[in-house]
Structure formats: structure tokens, C-alpha cells
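Following this line, the structures themselves.
You will see two complexes here that share chain A, one where it goes with chain B and one where it goes with chain C.
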Partner chain A sequence: MNEATNKTNEVILSVQEVSKSFGGVRAVVGVSFDLRRGELLGIIGPNGSGKTTLVNLITGFVKPDSGSVKYEGQDITGWMPYRIARLGIARTFQMIRPFAELPAFKNLIIPLFSPRVKTLSGGKYGDLDSVAKDLLEEVGFERESSVTYKAAGSLPHGYLKRLELAKCLALRADLIILDELFSGLSIAELASIVPIIEKLMVEGKTVIMIEHRLRELFRIANRVVVLNYGHAIADGKPSEVMERDDVKQAYLGTE
Partner chain B sequence: MLEVTLIYGFINSIILSLVALGFSLTFGISGVSNFAYGAMYILAGYAVWIFINKLSMPFFLAVILAVVLTAGLGLALYRFVLLRVRGLVISEVIATFGVGLAILELFRYLGFTTFEYTLPVFTDGSIEIGNTYIDHQRLWIVGVGIALAVGLYLFTHHTKLGLAFRAIAQDEKTALSLGINSDRIAGISVAFGSGLAAVAAVLILPRGTISVNEGYDVLINAMAVCIIGGLGSTVGVVVASFLIGYAQMLTDAFSGPHWKMIVSLVAILIILVVKPSGLFGKQKELEERI
Partner chain C sequence: MKQRRKERIDRGTKARSDDIFALTSYREMLYVAVPPVLPVIALLVMPLILPPYWQKVLLQTTIFALLAISWDFLVSVGMVSLGQALFFGMGAYVAGCLDHYAGLPIWLTIPLATVFGGALCTVLLLPVLRLRGVYFSMVTLVLPLMLERIIEATGMLGGTEGLTGIKPFGNSWVEMYVVIIVLLIALFGFRRLVTTDYGLVLKAIKDNDRSVMSAGINIYWMKAQALFISGSVGSFCGAYITHVYMFVGMPDFALDYSILPLASAVVGGMGTFAGSVMGAFILVPLSEALRNVGGLRIVLYAMSLVVFIVLLPEGIFHYIQRKYQQFERWVEVEG
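Showing the complex of A and B:
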């Protein structure tokens, strides 16, 4: 019991003073935050405030100019994305990127085939097709319905978002970073995808969500970091953070 | 006459697909166009010749060693040259073409241009179909060619690793985010393609003399097949090989052998104007790119 509580409280991700400029544009400037296991952190901010760059810095798609990223105590600054993924950090992309020509369930073969999953399952891959279909069912694909077998490129938007989630699950990630998962979803679709994320939290996963749909985010996030022009201007409980004048100003403009 | 054209057209088509498979496979997985492909092909031929005639190796050992060596050279090409220009398509083309030129012209400079450079056939003899004689080597070509095409199709569509390869071809960034070392896979793809060039070489070269110039012809034929069939598509390679293969044979029969190469070149021009992504191509349609 005690050990379990310790485990839930440990810092899983530590971002220290990371900065990145593209040409003259300072996309992320000295951002720091710690993330504890089991937290759901929202990263919010106006367009162009550096949210996606921050995710790219954590996941290795962009190398920071300075600062460090630690995952489970290990310095992963500047690592290649595939190495970071193998540690158990999964991410989705703002522009959804399915393997368009493969059937939906075959999309999961890649993460299922990764060295990480092989190690975690004791060297055996097992029947990947059936594992893949189980995972799709978990994110709301109806078992044995035609969507499972459709080429991913022809899936409806809502299913594509679910497929992105399923890929993170397939990798057996501990930290899942969702870049605007909610965008473009209808209220009904949201109502069915939110419970999936809540279930992840119950299972002890740690989640970072970049979101513009704040009302839905605040229902599930325990904490938010607000970015503005690359700076982290606030960090705390959603209700408290949104009361701050500088945050209101960043979002609503000065009037 | 018709029978000969039909049978030899078939063999010629298989030869073209053998030549193009490796080039297409490399591109299909990693998006790298290996313009050193023709040089790899010729290099494998000379390697077998040197192993047999200078090092007195047994034939099949020489063949296997040459295939492994060429694949290794492909891996080195990726590791030491392509890795640094990865994603800069023009640089990839210039780098691989440059390496190819260096290899081919080095052989010319070293005097590998006389008629003594021939490879032995796998088995001697011939069979007769109707009134047409076909030597054993051409049967080997047909057998191995069909087996490789079918094998590659099954590999990419029905094995886990093959699926992984296709997924990387479709979206490298997503593959990276899911723990796939795409550089390693791309290196393997260039090695695999180069190895296939070597297999094609040891099968096809015994029909004549190994010459430096054939390296350029092989590259042009591989490109013609891939451009017409659509880069990276195994089905496209086979269909395009048969189109060009028979077109070449008919040109040969009615206008003379020196017009054969023109067929490939004209076919490239026509398809680039009519359907630039090739018959089975996976490049984006025009409206998607805007």
C-alpha cells in the first residue's frame, strides 16, 4: 500500500528550462514542469504559443537548444524519437497520421511489433491480429464490424482519433501525450471518448493533453500549464489558473 | 516467329522485373531512390568473376559471397552517405548517382572492358518448347524471377516484418513515434535492394559479357519499369515489366535490336506526361498536393 502510494507520487517526467528557437522565432522559452505518475496534465495556450513544439521536445522530434528532459530519472534530452517511444512515451499528432493503406487493425501491428512490447510480454508476440482487435474494441470499435477491416485512410474522423489512442495503448505506454485529441469531434463523439481517457487514468497511466476545448479538458484534468509566446505563464489547478488575469489576457487579448 | 517472340518476350519481361525489383523495394520501404543500383549490379558481376577466376572459389560460393558483399555495400552506402542527406531528395539522388558513377568508371579505368569477363551459367543445356529452344539459364531466370516476385509480395503483405516495412513507407514519423528505428529499416532496405541487384546480375549476366555500360542500361531499365509501374509497387513492377518486355521484343523483331533501349526511354516520357505517378503509383494525386 505504502509502496503503491509512493509510486503514484513519483515524478515520472521532469522538464527543466527547455528552450527552442526556429530561426528568429522563440517557440519555447525556458519552460519547466514536473509531472507525477497518474496525473492528467493539460497544456493550453493560444495558437502558436509553443504547445506542439513542447511535445516535440519531450518526444525527441525536435532537439532543444538548451534545458533537459528527464523520464523516470533518466536524461532523455536529444534522444531519437524511437528510443523515447521504447521507454514508454507514446504520442499522437495534431494532424492525424494513420498508416492509410493498412486496415485499421493492422495499424496496431507496428507498436505491437516493437521491442518494447516484446520485452514486456516476455519475448512472445502472440497472435497480434487478435490483440489488435481487442485493443480496437477497448477504444470503441465494434468487434468484428467492418470498420476494423477498413483501410485506415477511409475511416471517419471519430474512428481515426480512436485509432490514435489505440496505437498508444498498443505500445503499452506509461506516459501518453495527446495533441488536440478532441479537435473536430462532435459532442456525442466526445462523450464516448472521454470515458476511455478516464479509464486510462484509473489504470495508472500518466497523460498530457494539449487542448483547445477547455471545458471538456477541465472536466478531466487535475492540472494545467498555460503557455503564451513560448513561456509557461501559469501552472496549477484549472479553476485557479483560469482566474488569473495574465491567463485571461493571453486567451482573450487585452481589452 | 510469333512463338519465339512470345516466349522470348516472356523471358525478357521476367528479366526486367528481376532488374527492377530491388530498386522498387528500396524505394517502397524507405523512399530512397538508389541511383547506384546499376553499379551494384555490375559490381556483383565482376565480384563473381574475380572470386572464380582470381581466387579459384567454387561457383556457388562465389555467387553467395557476391550477393552478401553487394548487400553490405548497400548498407554502407546508407550508413556513410545517405544517412546524412536523408530527406533531401535531390541530395539523395546526386549522392547515390555519384557513388554509382565512381564504381562504374573505376572498373572502366581498371580495364574491365575486354571480352574475357563472362560468368558461367548455373547449369548447361536447353529444352525445347514447340519449335523454340530455351537454354537452362533462361529457365533459371524465369524460375527465380517468379519466385522472387511472389515471395516479395507475400513478404510485404503477409508477414509482420513486411507489414512494418509497409507502414514505415506510409508514414515514417508515426513509425518513429511508435518505437521503430526508421534509419535502421531504411539501411536494411538499401542493403536488401542491392542484394537483389546482385541476384539479378548473377542470373542475367551469363547471357553475355559483363560491361561497364550495362550498368547504365540496367539503371535506365529499372527506372523505366518503376516509373511506369509506379515506384514502390510490386504489382506495378510486374505489370510494367511485361508491357516494356513485350514492347522491346516486338521492336527487336520488327525494327532491329538497336531500337530496344529506345522503347524504355519513350515509355518513360509517355507515362510521365500521361500519369506521372505510374500505373500503380502511390504518389499523391495532384488535387491532394495543392
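Showing the complex of A and C:
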């Protein structure tokens, strides 16, 4: 029991003073935060405030100019993206580009083929097709329905988002970073995708969500970090953070 | 406004043989079996009936078909090579050196050159694996030309004279059937490979390499493996031709070995391997047949290339496959 409580409180990801400039643009400036296991952290901010760059810094797609990123106590600053993914950090992309020619379930073969999954399943791959179909069912593809077999390029938007989520599940990630997962979804689609994220939280996963749809985000997030011009200007409970004047100003502009 | 649109419907047999495989008559079984079996039989019978000159053309064609397959495979992993000549020349020189300097027998030089040639090409291209698109292509184009000049300038490995007196096959039937059987293995092997989980991952790199990386897969290691596979096929071709001509020299790095495979795959239809073979079996004999024309040969050849590509941009194989598997009819739709 004691051990379990320790585990839930443990810092899983620690971002310390990371900065990144592209040419003259300071995309991320000295951002720091700690993330505990089981938290759902929202990262919000106006367009161009550096949210996606921050995710790219954590997942290795962009190397920071300064600062460090630690995952489970291990310094992963400047690692290649595939090494970071193998530790159990999965992410989705803002611009979703599925493996268009492949049927939906075959898209999951790629994460299922990763060395991480092989190690976790005891060194064997087994029948990946059936594992893939199970995963799709978990994210709300109807079992043996035609969408499962449809080319991913022709899937409706809602299903594409679910497919992205399923890729994270396939990797058996502990930390899942969702870059604007809710964007472009209808209310009905959201209503079916939110429970999947809630289920992840129950399973003890840690989630970071970059979102513009604040109302939906605040219903599930325990904590938010607000970025503005690359600076983290606020960090705290959603209700408290949104009361702050500087946050309102960043969102609504100066009067 | 009414518009006409072509509607395509799968033929019944195609649908039933796709994934549920419920064939009910010999007719249907033939429908499925003929496309792969007929070319195999044709390929195996051809050396028996062709006159000696056209046997040599068949041999050339088979080599270019193999090079086209290896090119097509690299493209399916997202690496557009303009330098199959690198693979070809590397295999040729490794085999030539093993024969000339070490005196190894032919049944050792060809397999060794296949593996080591592929490995050398992979090592040479390792530094540019991170380059994408046209940048990668440029390097592959330049490397064989550079190696050719190095050999010319330093005079090593026989220099401009090349190495002569390489051991021949001895038996022309063995010579012919070795390459035909390798082509058949490569054709069906690659077609199988790209449908395995491993092959899917390779193809996914071309679609979206960032997504593959975030799945924890080292795409550079995967690309290196693909390069090795493709390089080995190309090196086999070089090693084989070295023993056929009993000679290895600078022409083995010639641009022909880079361009013709590419043209074959494009004319035949990319991504199927069968298309690459079909393309080679059209372009190489065509080029031979045009020899009688004389001076205008290259003009006619280039024009026919343009005609193929303009009329059937999808590739001949894809066109035939579509006609074989689907009905087409014009339907009127509201515009």
C-alpha cells in the first residue's frame, strides 16, 4: 500500500529551464515543470506560444538549446525520438498523417513492431493483427466493422483521432502526450473519446494534453500550464489559473 | 450539369479470391493462377526457344529487371536512388577482385560479392541516410561517378584497363538459368516481404517517418537494412555480369545501370515489383530491336518512353491489373 502511494506521487517527468530558438524566434524560453505519475496536465496558450515545440523538446524531435528533460530520473535531453519512445513516452501529432494506404488496423502494426513492445511481451511478437484489432476496439472501433479494414487515408476525422490514441496504447506507453486531440471533433465525437482518456487515467497512465478546447480540457485535467510567447506564465489548477489577469490578457489581448 | 464518370467494380472472382478465398470452379482457379504462373513458365521456356543472340538480350533484360526490382524496393522505403550503378559496380568489382587477386571459384565470388557488395554500399551511404528526397538522390547519383573517377585517377584495380580474364560460367545453360531463377526468387520474395509486418514498417517510413520514430523504431537502422537488401540484389547483378563478360572495369559504374532500372520501374508501374520486371522486359528488348534503325535509335527510344509515361502514368502493370480485376462502365452523375 505504502509503496503504491509512493509510486503515484513519484515525479515521472521533470522539465528544467528548457529553451529553444529558431533563428531569431524564441519559441520556448526557460520553461520548467514537474509531472507526477497519474496526473493529467493540460498545456494551453494562444497560437504560436510554443506548445508544440515544448512537446517536440520532450519527445526528442527538437533538441533544446539549454535546459534538461528527465524521465523517471533519467536524463533524456537530446536523445533521438525513437529512444525516448522506447522508454514509454508516446505522442500524437497535431497534423495527423496516418499510413494512408494501410487498412486502419494495420496502422497499429508499426508501434506493435517496436522493440519496446517486443520486450514487454517477453521477446515474441506473436499475431500482431489480432492484437491490433483488440486495440482498435478499445478506442471505439466496432469489432469486425468495415472501418477496421478501411484504408486509413479514407477514415473519418473522428476515427483518425482514435487511431492516433490506439497507436499510443499499442506502444504500452506510461506517458501519453496528445497534441490537439480534440480539435475538429464534434460534440458527439468528443463525448465518445473523453471516456477513453478517463479510462487511461484510471489505469494509472500519465497524460499531457495540448488543447485549445478549454472547456472540455478543464473537465478532465487536474492541472494546466499556460504558455505565452514561449514563457510559462502560470501553472496550477484550471479554475485558479483562468482567474489570473495575465492569463486572461494572453488569451483575450490587452484592452 | 450532367457529367460522365467512370465507375469501377471488382469482378466477382477477384472479390472472392481477395481475403475469404472461396473459389468454386476450375475457371475461377485459373483466373487466380494464370497471372503469376504464366510469366514464370514463359521465363523458364524462353531460353529453350530463343536464338543465341536473343538469349543474350534475355540475359541483359533479366539483369535490368533485377536492378529495377532493387530500385523499386528502395523507393517503397522512401529512398529514391539515382545510383543503382553504385550497387552494380560495387558487386562487379568485389567479384572481379576476388577472382583476379584471390583466385576464388565462381560459386564463391558471386555469393561473397552479393553480401560484401551490399554491405559496402550500405556503409558508403550510411552518412546520408538522414537526407531525404532529392538530397539523398543527388548523393546516390554522384557516388558511382566518383568511384569511377577514383579508379581512373589512381589506376588501382586495373585502372582504365579494368581486370580481364575473369573465370566464365563455362556452361551457358547454367549461366542463363542462374539469373532467371534469382529473378523469380527476388520477384516473389520481395512481393512477399512487403506484406509482412517488417515490410509494413519499412513502407511506413516512406509515408510518415516521424510517426514511425515515435513508435520507438530506429528508422535509420531500418533504412540501412533496406539499403543492404537492395544493394545486395544490385551487387549480385554486377558480380554475375562480371563473370559473363569475364571482365570488370569502369563501365560497370556507367549511368545506364542507374537510369534504365528507374525507367523500367516507372514504365512498368512502381510498388509491385512485377511492374518493374514487366518494364524491363519491354524497354531492354525494345532498345535492342531499334538497333537496326541506326542513327535515330535513341530518338525513337526516348519517344517511346515518353509515350508510355504520358499514356499510362500509373504504369503498364497497374493498368493491366485494373483491367483484369475490374469492370468499368461510364455512368452519368450530377455535376
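Keep this in mind: the second predicted complex is superposed on the first by the 255 of 255 C-alpha atoms of A that agree within 3 Å, B and C clash if a C-alpha of one lies under 4 Å from a C-alpha of the other, contacts with A are read in each partner's own complex, and residues count from 1 in each chain.
Just so it is clear, contacts are C-beta pairs under 8 Å (C-beta built on N, C-alpha and C of every residue); 3 or more make two chains touch, one makes a residue touch a chain.
Remember, predicted model here, so these are calculated numbers, not experimental data.
When the two complexes are overlaid on chain A, chain B and chain C occupy overlapping space and clash.
Contacts of A:223 after superposition on the shared chain: neither chain B nor chain C is touched. Shared-chain residue A:86: touches chain B and chain C both.
Shared-chain residue A:162: touches no atom of chain B or chain C.
With both structures placed on the common chain, the touch criterion links A:110 to chain B and to chain C. Under the contact criterion defined above, the residues of chain A that touch both chain B in one complex and chain C in the other are 59, 61, 80-83, 85-86, 90-91, 93, 97-102, 106, 109-111, 113-116, 125, 128, 167, 170-171. Contact residues of chain A toward chain B in the complex are 59, 61, 80-83, 85-86, 90-91, 93, 97-102, 106-107, 109-111, 113-116, 125, 128, 167, 170-171.
Interface of chain C with chain A (complex): residues 197-198, 200-201, 203-204, 207-208, 210-219. On the chain A side of its complex with chain C, the touching residues are 59, 61, 80-83, 85-86, 90-91, 93, 97-102, 106, 109-117, 125, 128, 167, 170-171. For chain B in complex with chain A, the residues that touch the partner chain are 160-161, 163-164, 166-167, 170-171, 173-182, 282.
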